[in-house]
Amino acid sequence: MDFQRFKPHLPWITLLVLIALVGVVDDTFLRPANLLSLAGDIVPLFIMALGLTFAIYIGGIDLSAQSMANLITVVASVYLASMGAWVALLCVIVGFGLGMISGYVTTRLLVPSFISTLAVGGVAFSLAQYLSGQRALNMDAMQRDAVFGWMIGKTGMIPNELFIAAGLLAITLFIERRTTLGRALKAVGAGEPAAAASGLNVARYKILAFAISGALAAIAGLLFSVKLSGGAPTIANGFLLPAIVAVLVGGTPLTGGVGGVLNTAIGTLIVAVIRASMLYFDIQATQQQMVFGLVLIGAIALTIDRAKLRIVK
Amino acid sequence: MTGRFSREAVIRWAPLLVLIALVILFTAINPQFFSLRNFARITISSAPALMVAVGVTFIILMGSIDLSMEGVISLTAVLFCMAFVRFGGNLAAGGWLAMPLILALGAGIGFVNGLIHVRLRIPSFMASLAMGFVGTGAAVLLTGGDIVKVDDDVFRGLLTYRVLGFPLMVYVAVVFLGLGWFLQTRTTLGRNFYAVGGGEDLAHASGLNVRRVRIAGFTLAGVFYAVAAILQVAKLGQAESVTGANFMFISITSVVVGGVALWGGVGGVWNALVGVLIVNTINNGMVVIGLPDYVQDGMLGLLVIVAVVLSTDRRAAIVVK
Amino acid sequence: MSTFIKDYIEKETINRRNFLLASAAGLGSMAMPMAFGKGAAFAAENPALAWSYRDRASAYWNSVVSGGEAFVESIGKTKEDMVSLINEGSSEKSLADIKAFLAKNSGNCAIACDANDSPNARPVVEAVKEAGGYISTIWNKTDDLHPWDIGDNYVSHMSWSDEKPAEDTARILFAAMGGKGGVVHLGGIPANNPAVKRLNGLKNALKDFPEIELLDAQPADWDTTKAAELMASFITRYGDKITGVHCANDNIAYGVIEALKAEGITGMPIVAYDGNMEAVQMVMDGDLLATVFTNPHWGGGVSLALAYHAAIGTFKPSEEPNEHREFYGPTILVTKDDAADFKAKYLDNVPTYDWTDFWGPSNGGIVYK
Amino acid sequence: MYQLAHVDKKFPGVHALKSVDFQIGRGEIVGLVGENGAGKSTLMKVIYGAYQPDGGQILIDGKTVRFANPRAAMEQGIGMVFQEQSLIANLTVMENIFLGYEQQFVRFGVINWKAMAAAASAQLAKVKLEIDPATITSALSFAQRQLVELAKVLTLEERVQGDLVILLDEPTSVLAEDEVKLLFKLVRELTARASFIFVSHRMDEVMELSDRIYVMKDGAVVDVVARGEKTVEQIQHKMVGRNVDKEYYREQRQIPYDAGRELLRMEGVSLPGRISDISLTLHAGEVLCLVGTEGSGREAILRTIYGMRTPLTGTVTIKGQEITRFTPRNAVERGVGYVPRERKIEGIVAGMNVYENMTLSQMGRHSRAGVLRIGGERALARDWISRLSIKASSELADCGNLSGGNQQKVVLAKWRSGGSDIMLLDHPTRGLDIGAKEDVYDMIRDMSEAGVGIVLVADTLEEAIGLSHSIIVVKDGAIQKRFDCQPGAKPSLYDLLHYMI
């Protein structure tokens, strides 16, 4: 009984234990500046994971997130010069729109999201290649600093990215906990037939979930391109699997209706700490990937709340 | 009643019809597409992919998913080459020993994968994803990043020796496809995959040892991945830690395009075959008709959606996620 | 044990001397970098060493790492003293790992790095500078980013002028084709800098060969499997019209050769790039006409050496001309004639380099178009 | 022959079985009754090996046994015929029958399908079902599936030395009357081969079939009744702990409906393959019962009204407005509420708490610009929890953990709290115990008094007759006959059956 109550807290306990473990090896890790910077660096990944949470929360998945971010780095780099700050809006609209297409294909054409988002990702990748002329693009540094400089600076010792992350987390948490949209998504994730029989427009909410996922992937791409002062059709590669891992390790399983954005925040930090620990534990280069896999199994085994999974598939 | 029958028939045969339509389409644009030599090329690229698809089909039939194939293929391919070289470097001298060894190893990795999924009660998506990392990681550790080559003309005969226009490896793939079909239709294990996919708790209540079936499924998939690894080595004459790259998404896409339902219980190895052929035909055809390269990813995506839409039984699909 | 202590004291003395030297220099000519933040111009004692690169899954990066390790051993440390920061093709991880490394060592770092994608170079060097570390980059950086604009913390950038060598291989290819026929190009990941350059080289050579037609050029993503499948499709589309193949790197060539082998086609003229062991062997065997060796071992060693010496103060970047801070690495064309010699000299026995001869084998300053 | 002695089972916070003694003799049919939550299902799970008791013993022929899982129990001759349809729909009939026991047909790793088909036919003959054993199960009717399940359990006969004990959990809940009669006849014949434990909510059936009846309440056996020893009312009294009223269906509360106020009108509505030319009207305060066999089209009518299906022809008019777009959203906005038959799948969202479930259909009322007023939601939920005496620890309890009756109350509260005045009730008392059933009957009368129009698909014909103002008999998707059901002038069972079959 006590363990049952203890379970929902496992993700952040795991996080603290990991931080403590690394801290024991090297206490420089525990310096606030270091931890803040570590958190700041993971922000683009976090934002993407935040979006993915919505897709996974309704029991789907969004494999287009990475290609979406790639496309957005290109869009941002191409149109910053002509559009200025409005390019941010364009990016979010593109992400939202492509997400809606994924959602539409999933709900109306009954293509599983695993496939539909992969396909839409292919479309986004083609668009990115076309727009970029298959080259890496760079933004004008002056203009980037003028328009988006606030995104990547520091306030005191806190990286500004963290404020953006906190803001988005607050907004998504509000959506999840306090709005009809969040409630509907939970119902769809936990019991879609019942949600439909309660008169909810399930298809619309699912499309919205994918659209939000797309929009957040776009914001991740925008932030990343600002950080890098440029874009390329492959520059955000390597985001997708860590982002999925972050969501899962946080305790939002693929069955839907369980977990949420707060879990993803913790999951992302767990991923960041595991990565950093490779450095602090002096793991050999050739061993890192294997160790990552093994640690991942351990972390997931610890963090998922099996009581809420009726069947483990 | 006849109307209904024909509707079901159309859905059942839709993937094959899509394949035929694609062939006609590509042929119409570039008649060179329609030649025995080109079909042989498509089947060469399809052969390893088909083995992966057959393996993962069993998993998907159970309503689970397996994302470990990239790591498993890299690891088994690398170890196969190493063992092959160790055992004399050519088939006759003892290199053949590497084959059963690697198949057993594939089974072993699949077994561990299933064990982690079932015993630790981690959903297969996550367990297999992590196992994939471990597999690739182990391959990196073994090779240190180097390429391991197999230079044996007899073994490479799988690629170079042709019967009726098709290389031997295609026939090997067909034999294993037949084995997959046999397992699926004629053995208890194969039928139990359908039972688990059709209703896991019901199967459990009927006294079926669902855990054992699941672990067996992952083990079997591991064997097929190992076959894919051997064919991949036959095709390229080498293995490295990225040999398995790109197999994950493409194999699952193929299986679904072929008409296997991701929610389990529907489809089989024939669907995997058709799906793999569809995807590889699209990839080959897009180049053959001269589609600009930057359009190809998007076009593949669109065609995949169309294929899945056509082959989905809308009335049977209750909840699509 | 005693030797260890002796070594240590010796090193300490050297480091201290260097430190004093550097401080003196800093007081004089280097007032400006001081303004950029703490420790920017201070020479470090015994900096932590790291190489940040894509992965351990290719011969190329292995060679780079071996060079880094050779350098580390040349200064009396062990291989393990060089930390590998593997980005797995993710710019995001590249940046995060470097920042974590800087934080762990409080900025007392000498880093060599390929930033994975050119836009990633700027945030990487900015992070290094902010922490007071030293970095040398190779391959990927944008054209508007220059070490001298950043300061001493951005020690150097090395790249390889791929256009000319790719043009050379193309000429060899065309000669073997008898000056006429059709050629296909299988490229790298489209937006990668080297991929663009190597295709450009081919196009430059084409101008002198009016009877040779570039049938098609498509990306094979540096990948053997993808190259084999793409080549098979090319054969269907162009058939006998293909009389030569230009590959953007060795891995692609391996796939092409296997695709041709499957068709029973032998003797097709093929050229590649990178000069990996297997490719050189193929050149010797006549399966490949030529490849280009970029000496990643040397590149890997000297990049780290530059960063290290800048960090301990024995190298003063700002005192060097621009062509010493942005320079081309060596490119050696490997053909059948010299392949055996080449293999003996560079691959079978790795030459011992003087890691303080920073520009010996290099190829002059980087020129922007 | 099979015996439980002082069996105890505890779950966190619940003492589910309290020293239960139970025994069954060879060829005996034993009934097991009790309200939901009385411990019936826990007891059954102990018997067929899904749970292991914490205390006490299980004895077969006097020897203590222990079952690690259902399969171990099967090997001792104990089989279970499940309440919910437990055949796997995508498998063939023979595969279902021999699921988990295919090995007997395997030669050199190969399944001999012919041998399996022959063996399956032999099993099907035991239950007098003549179908091709290679039929895909999803193509069978509910009654046929029930028989296949029985045939599946009867395979134990060949496998097990010694006696069989077969549990029948609510076997009649999806069967029509004549099918029930057939089943009972079959069970009686089979007592030559096996003993049966019969669990049902239908007291008359339990009384009819059982030799002895165990009555459970609060995790303990409160009485063991031999056939004919006690009346239905007496047993119900034991179960519920109070008298069960003679006016079970609250007929005394039936008041005439307001014929002047028409809520719903269907005219010539057809859905190909499901219903054809359905015309009916529903008035304020009217309880309209749809009667028919399984698959006669009752559910399709409800779903069409609710907008889950779009009719090919005909019109549906709600409160004077013709429906053009058939979506549940549209129906809900017009005041239609739907209590689906699959309560656990379509009724409640397990994993969401009581207040979240209650306001799911009407989030618009509890929000401004998409932002929920959670305080208001919780207050509403607390109000309805006390109004309907829902047994939940608080409005924050997970609905998935409530008992069936309480879940049903949550579903009803969902619609009533939202002010729905056209209620579509599909088997609202299915699987509920007597106490909970009566609560539902009361609520139906309450709603009727408040002017709500109700379309009801009842669990039994008695229920339909007892509750309704009007009855429409549906057969093969078409309306056969409409009856008026004024108190005292209600049609008889026979009247209805005549038109149903």
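Each chain carries a letter (A, B, C and D) given by its place in the written order, and its residues are counted from 1.
Keep this in mind: a residue touches a chain if its C-beta (ideal position, glycine included) is under 8 Å from a C-beta of that chain, and two chains touch if they have at least 3 such contacts.
Everything numeric in this text was worked out from a predicted model, so none of it was measured.
Student: Based only on mean CA positions, could you tell me how far chain B sits from chain C in angstrom?
Tutor: Taking the mean C-alpha position of each chain, the two centres sit 36 Å apart.
Student: If you average the CA atoms of chain A and of chain C, how many Å lie between those two points?
Tutor: About 32 Å, centre to centre.
Student: Need the CA-centroid distance for the pair chain B / chain D, whole Å please.
Tutor: That pair's centroid distance is 43 Å.
Student: Which residues of chain A are in contact with two or more other chains?
Tutor: Those would be 129, 134, 193, 286, 288-289.
Student: Among all residues of chain B, which ones touch two or more of the remaining chains?
Tutor: If we look for residues of chain B contacting two or more partner chains, we find 140, 144-145, 293-294.
Student: Sort the chain contact graph into one of these: line, ring, star, complete or other.
Tutor: other
Student: Give every touching pair of chains, nothing left out.
Tutor: A-B, A-C, A-D, B-C, B-D
Student: Under the definition above, what is the set of chain C residues touching chain B in their complex?
Tutor: 55-59, 61-62, 190, 216, 218-219, 223-226, 228-230, 232-237, 239, 254-255, 258, 261-264, 276, 278
Student: Can you list the chain B residues touching chain D in their complex?
Tutor: 182, 186-188, 191-192, 194-195, 197-199, 202-209, 265-266
Student: Spell out the part of chain D that touches chain B in their complex, as residue ranges.
Tutor: 50, 69-71, 74, 80, 82, 86-91, 95-96, 99-103, 106, 109-111, 113, 152
Student: For the complex, which residues does chain C have touching chain A?
Tutor: Chain C residues touching chain A: 56, 65, 80, 83-93, 95-97, 99-101, 103-104, 106, 117-120, 122-123, 142-144, 189-193, 196, 219.
Student: List the residues on chain A that touch chain B in their complex, please.
Tutor: 58-60, 63, 105-107, 109-116, 118-127, 129-130, 134, 192-193, 241, 244-245, 248, 253-256, 286-294, 296-297, 300-301, 304, 306, 309, 311-313
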